[in-house]
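By written order: A, B, C and D. Residues from 1 in each chain.
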Amino acid sequence: MIAVLLLHGVVAGVAAASGRRLGRFVFLLTAIAPAATFVWALSRAREILAGNPVWVSWPWVESLGLEISLLVDPFSLMFVLLVSGIGVLIMLYATWYFGDTPGLGGFSAILVLFAGSMLGLVTADNLLLLFVFWELTAITSYLLIGFEDKRAEARSAALKALLVTGFGGLVMLTGIIILGAEAGSYSMSEILSSPPSSTVTGVALVLVLVGAFTKSAQVPFHFWLPGAMAAPTPVSAYLHSATMVKAGIYLIARFSPAFAPLFAYWQPLVIGVGLATMLVGGYQALRQHDAKLILAYGTVSQLGLMTAVVGAGLPKLAFAGAALILAHALYKATLFMVIGVVDHQAHSRDIRLLSGLGRAMPLTFWVAVLAMASYVGLPPLFGFIAKEAALEGMRLAPIGVDSVAFFAVVLGSVLTTAYGARFLWGVFGTKPPSPAHLGGQIERPHPMLLAPAVLLVLLTVSFGLVPRWIDSLIGAAGASLAMPDTSFHLALWHGFVPSLAWSAIAVGFGLVLFWQRESVERLQSVTDAIPGSERAYALGLTALDRGARWMTGRLQVGSLPTYSGVILATVAVVGGAMLVRAWPQDMTVGFADSPLQIAVALFIVVAAIATAVQKRRIAAVLLLGAVGYGVAVLFVMYGAPDLALTQVLFETLALVLFILVVRHLPDRFREPRQPFGRTSRLVVSIGLGTFVGVFALVASNARTVESIGFEMAARALPEAGGRNVVNVILTDFRALDTMGEITVLVVAAIGIAALVGQGRRDHG
Amino acid sequence: MMRRSLIFDVSIDTVFRMSLVFSIFMFFAGHNAPGGGFIGGLVAGAALVLRYLAGGSDGSQQVGARFAHVMLGTGLMIAVATGFGGWVWGTEFLENTGVGAELPLLGTVKATTSLLFDAGVYLVVVGLVMEALGSLGHEVER
Amino acid sequence: MTFVLITTVALLYGVGAYLIMARNLLHIVIGLGLIAHGANLLLLLAGGAPGSPPLVGAEAARIADPLPQAMALTAIVITFGITAFLLAMAYRSWILHGDDVVEDDIDDRRIARQAPSKDDS
Amino acid sequence: MNALVVLPVALPLGAAGLSYALNRYPRFQRVLGVATLTTVLGLAIALLVNVQANGVLVKAIGNWTGPIGITLAADLFSVIILVVSMVVLLAVLVYAIGSPRTSSEARFFYPTYLILTAGIALSLLTADLFNLFVAFEIMLSASYVLITLGGSRDQIRHGTTYVIINLLASMLFITAIGITYAAAGTVNMADLAVKLGDISPAIRDALGALFLLVFGIKAAIFPLFFWLPDSYPTAPAPVTAIFAGLLTKVGVYAIIRTQTLLFPSDGPSTLILVLAGLTMVVGVLGAIAQNDIKRILSFHIISQIGYMIMGLGLFTIAALAGAIFYIVHHILVKTALFLVGGLVEHTMGTSRLRRLGGMVHRAPFIAALFLIPALSLAGIPPLSGFLAKLTLVQAGLEINQFLIVGVSLAVSLLTLFSMIKVWSGVFWGTPDPAAPPGEDVGTGRLVFPRLMVLPTAALVLLTLVFVVAAEPLYRISEHAAITLLDPTLYIEAVLGR
């Protein structure tokens, strides 16, 4: 299995490298990966269905609980077959869908990476690994959706999908980590076989569910999905049928049987969200004019249904859910391919513009009719079987809100029928002649463009007529979710059960809605004003942008004095606050060592203050020098002749350099107004000065041991052979410091040469 | 250029030479009395400044600036090499090792590695002063 | 450490800080110089009481702590080097601007004005 | 064996001297630079292997042990950062050789760059507080020269901000050293760790806060970071890349080193966590507000620093391991991103988003080189950023610090948002027709200098290696974190006991 996943990566690399040479036929190359997967899955199917799941484990970052452990049980197998099978068909389809579009190499590479990520997602046993693939599908789908990057709407749709699912992913990650900590393992099979039931687990699961909801486009996160149809149609077909959006369903289906019985909120929450999504999606699908959008909202609606069905966590519904997932993948992929064909031939998907296509492309039309019939749930198609199972399961399920849930599903079916009919009529029907309609010169599609859809629709029909063919897979998939020892069989005919009647009623009402479509549309326009989550998203983005600009504008003022001021103030305030706690009980400090000290200190202080108020540059510089010499005198008085000598020499040298530069500058300071005004400056500088002084006092008062300097003095002559301790320290004990300082001098010289040398050349 | 008297030129030159000698004295004094590479180098630097102030930009410091990078680089290399030198003699990096030597004129000088190290310091300080004077002291033609 | 000296240190820091928050590069450099003087003095004070110069065998009296002296010496040298470089920067700034006033960052101001950027660069 | 501890500092210094003495021979300088850094990288790796086998390696300079002399000490933490630093320094040097610059700049560039290397190595290896100050000054003064190299108007203006703020930080650093010496009478860090334990906890806390702020300026944490986004973007691309990738991280290194060794706390530190959270949020919002690749990336540095500080603030083994893990990831990824930004600017003549667009069609390989580190930075799995964030999130949840974990996750979503903004602006779409046109660079496929692409690709590849080798890397980080939280080994080794 790992080899199969790696193959996707390799194929992607080859495709990216050879994309330019192969043109659109690069998709035939990338199809190798899903094809190999499909063959592999089939070869292992018998074994897996017999109850021996494929299990591989590879170490990765065990310390973080992250390992590459893959488990292919029947439920995963079903997904693997779907992802790879439909993957192959999508790539074949893409080969004839794209013309000489540039950039197909990269695109196909990402497509195959996407397929690989999805495979990883449905086979990962380690929850963190599952999250890895989860986010990979988000990123790859982002790149796929935004393929037509010159269109702003494609870019923003891609961003929307990424942000919404990315948000959900991060919430889910938190949930997974908490769940892993509670269960003591990140292995999904271990967690599910002995699920923890603590309150914290309950919270963690809600977080995980949020992730699943965003990925599977559940209310209120559903709005990203319709936008995602900005992707090229092959991508939409893949994304909406077998992959990506099914990820959330997959996870909910896995978790529900274990956790629904443990947490009372589970069923109401999941089923409630699912049904709400179903209704919202169906309602929105009914009013779209872009045929692809009808399908997209239809996907939302169907995802809602699936969420509700698998979210109950009941055995019967688990089977029904498996069947629904398979059926939906088959017909939804078909219908997207069909709309792609229509778009490819007629260059439009607007049902107000298309007319007479049924006659122009009869084969396409019939493929669409069959797929849609399966979608709506008409016998004898596979969709019918799946839907009957779901309805029957819902009707009988002891889920507390049973009747409400059941009728919601029926209502959803009504909507499904209505928008399904609207789709067929809209795309293929012949409408009253109008100048806006596209002309009748529409060519029939290339047979290879239609072939994948035909193949899929044949499967839909044959699974419907002979459910036995798929029975073992669905049965085992459902069993691996719910309980291993139950068995369940699909059948086309269950006898006259009540759900059959309700199905019929739903179809009938749906057709009525379709018939009255114009009044329905008028009614629907009323709801336009209701703000939805999409508006909230848009507002959120704007607010984020504005807020970021506002805050950054306030903080990042671009003014160096302000930055210095903020830093100094922070030091004074934070340090001062800490210092207040450190104030000692008793503190002794002498006033001065000698009268001369007072005099020199006074001199320094006066010179320093004079520096600050001096308006003439040269005077300020000289005063700075005076301070330096004053300090040197203090050094001498303190017993530091070397220091004083160095200070005097460097001060003199610095003074010369200062004067060399200042002679070019204007005589007087020009001090422009600035936001960080005189008062703030005064307050901050007084604060800083006080802080430093007080801290130094307090700290020296706390000294308990003699400093190591005296030990150095004691060892200078006997061990280092020098009488001048300071110099011994500089050249021996701490020679590394000295080496460092001459390095700084070298750098300074380099800098001066670079800066001023440059200036010379500019003006020379 | 301002006209200068010969006596002024000669005396400045003398002071300059004497300062250089004094700087070398300070350099060697360092181990036992105030002095050392920094102070020695600075005295030499001060001498350079003096000559600069007296002579204006008569080109000598331009010449100096042209070779400043060699002094700086070499000084740094000497300092680092001293560290490695200790290694060659089987001691630690930057460990002080003495090599007794009789130097003419200066008498008996115990040429320790730290003295060599100080020589590197001396070179760097002088190099910096030369570079700074040569660059910043240059009159901008505009 | 005496009251007079620590007050001197505090004042050097205060005046230095005040100048650092100015607009003129020269003011800022002078401010940094004042703080550097304060810091060197502080280092020396951190060693404890004054004493005779730390020359072995010169006098019997208590010597001053030599380590802070060495550290201060290092700091002086480093400060000198960097001051020299700063002066070169001020010089360069003068060549380019004809002044040494530190202007505000253009990009930051643009974002602060909340206006969508009309022209870049 | 202990010689290994000195060489990463001494070799580049000596080479720098040689390089500047012979600065009329740029070809020699180039060869010397690459040879030196390659050697040092090899030495650093050898050091890592050695430290892993034998524990803390120390070298008493001049054979003066203990608090008398300066001791260099290599523990796992410092060596890990050293190795990554050298990798990045070497890669960027090659990139710099490949990028066009005038020969007069090159003369100054190589020796300064080598000195920067020595400064970084010394900062990481020294076990002496005052020597750390000197090391910082070496590193910073070299960075001052590098950031103003070229001497254009913009560079001087923004370089001024950089230099002044860092000088201010240096002054505060030396102040803090002075106060520390006043209280404890020593500057050797191991000696300090012992002696600070004897003075009043309140004073120690105040000192700890002061050092946190001092290094916080260099590390660019809230509210001390404002200088960074103003000064980084104007420097030449390789310089910005090395600054962005490394210099702030040396500040983080110093914070972690001092806070764990000198001012250990016995639990999560609220002050640090609050600063971490604010740093993340303010940084990422700043990034969202920008319209220039280099500025966006600069703000992200700040935001990312928050994560590292968060690891320190949580103060558990797992969290510190996460912080180290994060630093390693960040150095590689951030440098790579800035190098890509430099490539874009080099070929398109601008880094403004509005003037850029559609590069995915004209340079798909460069697009991939951007996308991988960009997504990694945003914490998208399975890239290095994800693993680094995962460690921190796990560590935070382990001790129920939900707030900071929530903030960190929200910030990573915002990071993704702003990275996508760059992607969408530079690699997708078309240049804004209303924006004033940049240089005319045609519409065909773009060609990039090979010497610039190669190191960029190498760094991106390394981030992928990080992913594959995450387990051993995490183990080492964990080991390093254990040593940090129990510094007795370090103290004993440094004091030569």
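By our rule, a contact is a pair of C-beta atoms (placed from the backbone, for glycine too) under 8 Å apart; a residue touches a chain by one contact, two chains touch by 3 or more.
Keep in mind the model is a prediction, meaning the values are calculated, not measured.
*Asks:* Looking only at C-beta pairs that count as contacts, which pair of chains has more of them, A-B or B-D?
*Replies:* By the number of C-beta pairs in contact, the winner is A-B.
*Asks:* Where the centres are mean C-alpha positions, what is the separation of chain A from chain B, in Å?
*Replies:* So the centroids are 62 Å from each other.
*Asks:* How many angstrom between the C-alpha centroids of chain D and chain B?
*Replies:* Their C-alpha centroids are separated by 37 Å.
*Asks:* How many Å are there between the centre of chain A and the centre of chain C, using C-alpha atoms for each centre?
*Replies:* Computed from C-alpha means, the inter-chain centre distance equals 47 Å.
*Asks:* If you average the CA atoms of chain C and of chain D, how far apart do the two points sit, in angstrom?
*Replies:* Here chain C and chain D have centroids separated by 25 Å.
*Asks:* I need the residues of chain D touching at least two other chains; which ones are they?
*Replies:* 13, 16-17, 20, 61-62, 111, 130, 134, 137, 141, 144-145, 148, 151, 160-161, 164, 168, 175, 178-179, 181-182, 229-230, 289-290
*Asks:* Could you list which residues of chain C touch at least two other chains?
*Replies:* Touching at least two other chains: 1, 13, 16, 20, 28, 42, 45-47, 53, 55, 67-68, 71, 73-74, 77-78, 81-82, 84-85, 87-89, 91-92, 95, 102, 105, 107-108, 111.
*Asks:* Counting only residues that touch at least two other chains, what does the list for chain B look like?
*Replies:* Each of 32-34, 38, 69, 72-73, 75-76, 79-80, 83, 94, 96, 128, 132, 135-136, 140 in chain B touches at least two other chains.
*Asks:* Connecting every touching chain pair, does the picture come out as line, ring, star, complete or other?
*Replies:* Per interface graph, the chains form a complete graph.
*Asks:* In their shared complex, at which residues does chain B touch chain D?
*Replies:* 69-70, 72-81, 83-84, 86-87, 91-96
*Asks:* Note which residues of chain C are touching chain D in the complex, please.
*Replies:* 1, 13, 16, 20, 25, 28, 32, 35-36, 39, 42-43, 45-47, 67-68, 71, 74-75, 78, 81-82, 85-86, 89, 92-93, 96-97, 102-103, 105, 107-108, 111, 117, 119-121
*Asks:* In the complex formed with chain A, which residues of chain B make contact?
*Replies:* Touch list, chain B to chain A: 30-39, 42-43, 45-46, 49, 53, 65, 68-69, 72-73, 75-76, 79-80, 83, 94, 96, 98, 110, 112, 114, 117-118, 120-121, 124-125, 127-129, 131-133, 135-138, 140-142.
*Asks:* Residues of chain D touching chain A in their complex?
*Replies:* For this pair, the touching residues of chain D are 13, 16-17, 20, 61-62, 64, 67-70, 104-105, 108, 111-112, 115, 118-119, 122, 126, 130-131, 134-135, 137-138, 141-142, 144-145, 148-151, 160-161, 164-165, 168-169, 172, 175, 178-186, 188, 191, 195, 198-200, 202-203, 205-207, 209-210, 213, 217, 223-224, 226-227, 229-230, 282, 285-286, 288-290, 358, 360-361, 364, 368, 375, 380-382, 386-387, 390-391, 393-394, 397-398, 405-406, 409-410, 412-414, 416-417, 420, 424, 427-430, 470-471, 474-475, 478.
*Asks:* Which bits of chain D are touching chain C when the two form their complex?
*Replies:* The contact residues of chain D facing chain C are 130, 133-134, 137, 141, 144-145, 148, 151-153, 156-161, 163-164, 167-168, 171, 174-175, 177-179, 181-182, 187, 229-230, 289-292, 295, 350, 352, 354-355, 435-436.
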